[in-house]
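Pasting in a structure now, in C-alpha cells, and then I'll have a few things to ask.
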Amino acid sequence: NRKNEAKFKYAPQVNIDQNEPRNAVWGKNFPAEYQSYLQTSDTGFASYQGGSKMRDMLEEDPNLVILWAGYGFAKDYNQGRGHYYSVEDIHNTLRTGGPTGPGDGPMPATCWTCKSPDVPRLMNEIGVAEFYSGKWADKGAEVVNPIGCADCHNAETMKLQISRPALIEAFEAMGEDISKVTHQEMRSLVCAQCHVEYYFNKNLPGKEGTPYLVFPWKDGMKVEDMEKYYDELGFSDWTHALSKAPMLKAQHPGYETYLTGIHADRGVSCADCHMPYASEGGQKYTDHHIQSPLNNINNACQVCHRVNAEQLRANVYDRQRKATENRLKLEEQLVRAHLEAKKCWDLGATEEQMQPILTDIRHAQWRWDYAAAAHGASFHSPVETARVIGGGMAKAQDARVKLARLLSQLGFNEEVPFPDIATKEKAQEFLGMDMDKMKAEKEAFKENLLPKWLEEAKAREAKMSSDKVAEASN
Amino acid sequence: NRKNEAKFKYAPQVNIDQNEPRNAVWGKNFPAEYQSYLQTSDTGFASYQGGSKMRDMLEEDPNLVILWAGYGFAKDYNQGRGHYYSVEDIHNTLRTGGPTGPGDGPMPATCWTCKSPDVPRLMNEIGVAEFYSGKWADKGAEVVNPIGCADCHNAETMKLQISRPALIEAFEAMGEDISKVTHQEMRSLVCAQCHVEYYFNKNLPGKEGTPYLVFPWKDGMKVEDMEKYYDELGFSDWTHALSKAPMLKAQHPGYETYLTGIHADRGVSCADCHMPYASEGGQKYTDHHIQSPLNNINNACQVCHRVNAEQLRANVYDRQRKATENRLKLEEQLVRAHLEAKKCWDLGATEEQMQPILTDIRHAQWRWDYAAAAHGASFHSPVETARVIGGGMAKAQDARVKLARLLSQLGFNEEVPFPDIATKEKAQEFLGMDMDKMKAEKEAFKENLLPKWLEEAKAREAKMSSDKVAEASN
Amino acid sequence: MGFFKNILPPKTSRWRTTAVFLIAVMLGFSFFTAREAEVLSYLSDDPQACVNCHVMTPVYNSWMHSSHREWASCNDCHVPHNNVFNQYYFKAKDGLYHASIFTLRKEPEVIFMRDESAAVVQDNCLRCHVQQVTQTKYTGWLDSHASNRTDRTCWSCHREVPHGRVHGQSTIRTNIAPLPTDPTMEVVPAWLKNELSNTKSVSHEK
C-alpha cells in the first residue's frame, strides 16, 4: 500500500510546538516550503510600482511628506518588501524612533503585531491585552523572528489557522463567525490578518489606555463604511501640522479592496496568485516565496490566463498607470488644500469657519489613502480604486471652493504659492523636520539597545529545544 | 433526420444589387439573419441603464438639460434603441425640428449618414460631398429604410465591408489602411462606421461650406488626443447658453472606448457580444438581433465565461453603478461651474478674465461627455471610463476655484444659488426654452411633410425590381 | 399481463382505447428517440460515439486538439470509474437524458455540466493525477492535505483543460467531425486515383 509506504518513508523529523517561532525548525519537516519561504529574502525584482526592491516612497513622491505633515509617515516610508525583512524593517524605520530602553520611544507595543510569529507565542504566554500594552521598546527582546509558519499554520495538522485576535474580533463585530469559512476563503484570510486597515483603540471598555488593535469593519469594509465608523467614534490618527485637520491614516486595506475586485468575485484567493503551486519531482507544493506575481507570471497567472506574459504584465501596468494618474492629481489638490487651510489660520480664521473645510479635507484624504495605501489595489480592484479616487476629488473640490471663498473673505484673493517640494529632503525641510536628529537617534538605538535585544533573544531560544520525533514518540 | 439539417444548403432566391436598401429583399436570400434582424423592433427589454426600451435621458437626468444649454440635445435626447427605429427616431426627435420643406430646419443632411442603407445608395448615385450638402429636410424622401444589410455587407459575397467614407478617411488620416485589417477586426469595424465620436467640418479644402462628416482621430482616439485635435482646429460644437464657453459635444465614442478595454485587448469584437452565433437545427447563423447582451447572456457571455448569468449581470451593473456615481458628481460640478460663470458675466467680468475658466469648463465637460455618451463604455472599459471622469473632475476643480476667486473679486463671495432643476420640464423652463412651440412644429412636420416623403419613397421603390435568380441566371 | 391490467383502465371504459393508443405512442417515441440519437452508442467508449450528435461536435473538436486526446477519452473523464455498475448506470442515465433533450431540440446554445457530472469529472482528474497534485509524503501524516488539494474544481485554474476557452454550439465554423455512421471517407479523390492508375499502367507498359 503506497500510503503506508509514504507514511513510513516520510516521517516528520521534529515535533513542532504551536508556539515555535523559529521558521528553520518548521523547515526541517517541510523543506520545500521552507526553502521557497527563504527566497522572500531576495530583493532583486522591481516592477512599475512594486517588487521586492527597497523603494523609498517619500523620495519617489514627495507630496506624501506634506500629506502626512505632523505624522510618523512623513519621517520615513518604504514600499513593503519580503516577509523575511519584517523585523529588520521595523527596527530600521525612523517611525519607531530611537528608544533607549523600556518605556521609551514614540510607538506602542501594538506595532509588533503583524511582524512576527513571536507574537502569537507572546500573546499565548502573557495575554492579548497585555501584549498590546506598553511601548514598542518594551518587547524588543521578545519579537525577533520574521513572519513565518506559526503565523498561518497549525503546528500539528498544518491546517491554515488564524493566529491574530484582531481578525477574529472583526468578524465577531460584523456578526460573522470566522470558524465557519471555507478552505478557499482561508487561503485569503491568513493574509487578512495583516494586509488590512487598522487603528488603535485606547477606549475599549475594560481595556482603557491600552492601544488595542482593531479593524474598523463593524459597518462594512467600503471606504464610506469605515469613514462613518471613524466619524461616529470621533476618532482621528493625528492632527495635520499645516491644516490642523483631524486626519485619518488608511493602512494597506489590501484585503478589503481585493474583495471588491473581479478575482475575488470569481473565487480567486490571495494564495492563488502570491503562492501559486510549483512542482518538485512531479509533485505540487505551495510556493512560499510570497512576492509580486509579476516575477512569476508563468505559475501565478498563466494557468488561468492563456495569453502571453508580456500582455499580462501590460494589463497590470495599464491599470496601475491609470490609477496613478488620477491619484497624483488628487495629491496635488490635497497638498494645496492643506496649504490654503494653513493660510486661513494665519489670516485669523475661526474654528467655526474652518470646521466644515477641515471635515472635507479629512474625508478627501481618507479616500486618497484608502486607494493608495494597499499597493496592490490598483490591480486587485481597479474600478473600485478609481471610484474611491473620484470620490476623494469631489470632496477636495468642496474643500477648495470653500477655502477660496474664505480666503477672499479674510482678504487674500489669489493663489496660495506652492512651495518647492520637489524632493523628499526639500519637503521635510519645508516642514521644519530635524531629520539629522532622528537619524542620529536611530543609529544610537542600533548601536546600543538593538544588539542587547538580539542577544537576549538568542539566549532564550537556545533554551527552547526542538524535539526529534523519534525521541518524542518513543 | 436532424443530422442532415447540418448540411448547409444555400440556394439564393434573388439577385441582390449592392445599392439595394430594402432589408426585406436581402431577407429573401438570408431568412435566418433577416428574421433575427427584424427582432430589433422589440422594445421590451430594460436593464439598469440600457435595453431596447425607449428611455428619455433628459427626464432620467435633468442635469443634462443645463449641460447642453443652447444646444439641440437640451431639447430632446433618448437612449438609443434597436436599429429598426433609426429612421423613425430621427424623424421624431425635436433636435431635427419641424421643417416645412427643402432648405428648412436646424440640421444638415449629414445627420442622415448613420441612419440607413439608403445612404450608401445615395452617395453612390450623387457623390459623397453632394450627399452631405444641404439641409436634413432636403433628403427626407430619399432616406427611408432603417439600418440594414447594405450598411455592412457586400451584396455579392456577403463579406463584411465598410460603406461609410468617414471611417475610411479616418484610417487614412491615421496613416493606416483599412483594407489591410483582419476579418476579426471587421467584426468591430462595421460598427465603428457609426458608434464613434464625430464632428462636421465645414472648412475642408475644396469642400468649404459643406458640413463634411469627420472622425477626429488624426492624433489618436484617447480623450486627450481628440481634445488636442479640436483645440488646434479651434473647433467648437456650440457656445454654452449660460457660461458662454466654447463647448465640445462628444457623440457616442463607443468604438474608441471599447478599444481601451480588456475585451478588445483579448481580441473580442463587438459582434462577439452583440451578434453572437445562434443555431437553429444545427444551422449556425449570426444573430442579427443586435441588442443589449444582457438580454442574451447565455449566448453572448457564457460562451467565454463559465459562471452563472446572474453573476455576470451583477458584474456589469456593478461597473455601471460605480461609473454613474462619479459621473453624477462631475455633472453637479459642471452645472455649478456654468452657473457660476454666468454669474461672473452678469457681474461684468471681462473676456480676458473669463477665458482660462471657459477653457477649463470646455475641457472638463468634454471629458464628462466622452465618458458618458457611449452608453456601453462603463462596461466596455470601466477603468478608462473612470480615468476620464477623474480627469474631468480635476479640470472642473480648476475652473471652480478660479470662479470662486473671480466672483469674490467681482464682489460676490458666496455660493451661487442652485436652481430647481429636479425635472426635465423645470430645467427647460429655467433656460426659457419654448417646448410647446417645438412640439407643435414637430407635429406639423409629421402631419404635412413626412407623409409626402414616405409616399415619394414608396413610388421610387416600387420601380426597383428584385430579380428572381431563375430569371437572372437563365 | 398483470402489469397491463394495473395500468390500463377496465375493458368497459371508453378510455381503454385511448390509453392503449397513448402507450403505443410513448413506446414508439422512446424507440424513435433511442434510434434517432443512437442511444446505444453511449455504451461505447469511442469518442466518436459522442459526436453522433452534432451538439457534441465543439467539445469533440476541442478535445481533439488538446494534450489529453492521447491519454483520456470522453468517458475517461465524464463517466464514473469507481465501479462497473455505476459506470453503465451513469452512461445509460446520461444517454437517455441527452437523447431526450436533443430530440426535443431543447439543448441550450451553451451547455454547462450538471453538478453530478462535475463531480464525476473531478474524480476522474484525480484518478489520473493524484500523485501530481498531492505530495505523497504529506498525505501520510497531514490529514487535510488531500482534501485541501482537491476540494476545488481543477478547471477553476486549468480553465482550458481540455475544451479550451470558448464553449458553445456555434464556436466552430463548420459542423464537420467524423461521424461513426459516415461511410469511410475517400482519401484519394476519384479523379486522382484514375490519373494515378493511368500513370501506373502507362509506366508498366513502358
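By letter and in written order, the chains are A, B and C; residue numbering begins at 1 in each of them.
Here is the rule we go by: contacts are C-beta pairs under 8 Å (C-beta built on N, C-alpha and C of every residue); 3 or more make two chains touch, one makes a residue touch a chain.
Just so we're clear, the structure is a prediction, and the values are computed from it rather than from any experiment.
Seen from the C-alpha centroid of chain C, the farthest chain centroid is that of A.
Across the assembly, the chain pair joined by the most C-beta contact pairs is A-B.
The distance from the centre of chain A to the centre of chain B, with each centre set as the mean of the Cα atoms, comes to 46 Å. Between the Cα centres of chain A and chain C there is a gap of 52 Å. In chain C, the positions touching at least two other chains are 159, 165. Taken together, the chain C residues at the contact with chain A in this complex read 131-145, 147-149, 151-152, 156-160, 165.
Taken together, the chain B residues at the contact with chain A in this complex read 262, 265-266, 307, 311, 315, 318-319, 322, 325-326, 329, 333, 382-384, 386-387, 389-391, 393-394, 396-397, 400-401, 404-405, 408-409, 413-415.
Those residues of chain C that touch chain B in the shared complex are 36, 54, 102, 105, 108-110, 112, 159, 165-171, 173, 175, 179, 181. Residues of chain A that touch chain C in their complex: 2-4, 6-12, 157-159, 183-184, 267, 272, 279, 282-285, 303-304, 306. Residues 1-3, 6, 276-279, 281-282, 284, 298-299, 302-304, 306 of chain B touch chain C in their complex.
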